[in-house]
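Chain IDs A, B, C and D follow the sequence of writing; residue 1 opens each chain.
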Amino acid sequence: MYSHESLIRVRYAETDAMGVVHHSSYIVWFELARTDWLEARGYSYAEFEATGYYLVVTEIGARYLRPARYGHDVIVRATLTEPRSRGLRYDYEVRHGGTQEVLITGFSRHILTDHQGNIRKFPAYMWETLQGPKET
Amino acid sequence: MYSHESLIRVRYAETDAMGVVHHSSYIVWFELARTDWLEARGYSYAEFEATGYYLVVTEIGARYLRPARYGHDVIVRATLTEPRSRGLRYDYEVRHGGTQEVLITGFSRHILTDHQGNIRKFPAYMWETLQGPKET
Amino acid sequence: MYSHESLIRVRYAETDAMGVVHHSSYIVWFELARTDWLEARGYSYAEFEATGYYLVVTEIGARYLRPARYGHDVIVRATLTEPRSRGLRYDYEVRHGGTQEVLITGFSRHILTDHQGNIRKFPAYMWETLQGPKET
Amino acid sequence: MYSHESLIRVRYAETDAMGVVHHSSYIVWFELARTDWLEARGYSYAEFEATGYYLVVTEIGARYLRPARYGHDVIVRATLTEPRSRGLRYDYEVRHGGTQEVLITGFSRHILTDHQGNIRKFPAYMWETLQGPKET
């Protein structure tokens, strides 16, 4: 319920001379996955920014278990693990699209700011969505 | 006089699974080289943008003769070949820093706009610099 | 028949401080589009490399008419315009996914090499595909 | 003695639509900084790979305190904090080149492998360097 999975095709430009995906590329995939997470709940990050907010990255971490390679499709699972009134934490898992082997795990933390850099609370309409479905 | 040479160290992240520099990385090097060209004449592109202008890329081209590799230092020579009142063209040559072999050639065209996207003329103070030294 | 269209979602990491997609990002999209073109004909570039070939970029060009922006979906149309026994040329057109406005046009040229860098001919089984459907 | 500082000029291509350096770009700077660290001790990572080794990234982390911006020069300080026989940990600090304000902190862990992916020990000649100067 709090998770969303994005299918990502490895780009040649994302590989490096070791013949595998460069370790910085996964950080970009995390970003795609949390954007897709938001969209799956009806929010476009582009529109969110247009209304005056930025979701600023304050921390990231990643553990590299096995590399992804060109020719792979990968699945990036993003899970909202800490919804806060002024920020969020997402956890990520990158799996091989075929074998389902876990390749990379990671997380990111974010704070919400306005375009002047002041920390802000999520607008009420959005906050409900971020807290997830009501228990019944 | 119209040229400037930038020394660039190949980054691992710029390589790809062929073991050489990815062809899109050179386009970023062209950008570094023309920024250095401007700085060598006393202009910071960052400050130029801050005064309300953008130098927008309208065309690029590149010919790939030999690849650069990780461990190489390369030299990127930028030459202003077409100073116009509302735009510029730069030509580029990427050479191996050791052997001086030419690896890549290219060019870029630019127009000057304000932050609303309207085409503008270079401010007079800058235009003189772009036209180069007076003949004597 | 010789064309293929790829749908690409603009990544935040592909934008720059002008608020639009950085001009080097389109070069990466061209690569995605020609890879998809190959796949639509039953070839995986990853497998092609694994059999001992590289399709090396020898030239690129791009004209930037209007920028793509974050929040856009774009369509990149790749067309094989010059099938040669030892190389290829593709032409590209990047359109806004909604308005269908043309944003960027471009091309790339490639030669076929083995992993030692020697120029090679396309294997016969592949050459037929690249030449396209037989006229009847 | 265990630290090295690299001066990095922010590239326009490293910025994003928030007007600051994209958070994935710092991960690439960490890589530059540890490469420079090695070179300051007489080792080229390119040559190291050529002798049959890879220094594989197994973990990274970064805390984003303040963003770097285009027009900044930044200093990235890399410190070897855990020399192990089969791996390393580096800590990083990114500072504004002018104000010396700390912008980003981070770390990376690495294991040493051969080109087949088997974990290896550092060759003796290198191990001494990595352990740093002898106490006297």
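Keep in mind that, in the parts below, a contact is a pair of C-beta atoms (placed from the backbone, for glycine too) under 8 Å apart; a residue touches a chain by one contact, two chains touch by 3 or more.
Just so it is clear, the model here is predicted, and its values are computed rather than measured.
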Write down the chain pair with more C-beta contact pairs when A-D is set against A-B.
A-D
Of all other chains, the one whose Cα centre sits farthest from chain D
C
Between chain A and chain D, what distance separates the C-alpha centroids? Give it in angstrom.
25
Rounded Å distance between chain A and chain C, as computed from the means of their C-alpha atoms:
27
Approximate Å spacing (C-alpha centroids) for the pair chain A, chain B
34
Junction residues of chain C - those touching two or more other chains
12-13, 17, 24, 28, 31, 49, 69-70
Complex interface listing, chain C residues touching chain D
12-13, 15-17, 19-20, 22, 24, 69-70
In the complex, the residues of chain D that touch chain A are 17-18, 23-25, 27-28, 31, 49, 54, 56-64
List of chain B residues in touch with chain D within their complex
9, 11-13, 28, 31-32, 35, 44-47, 49-50, 69-71
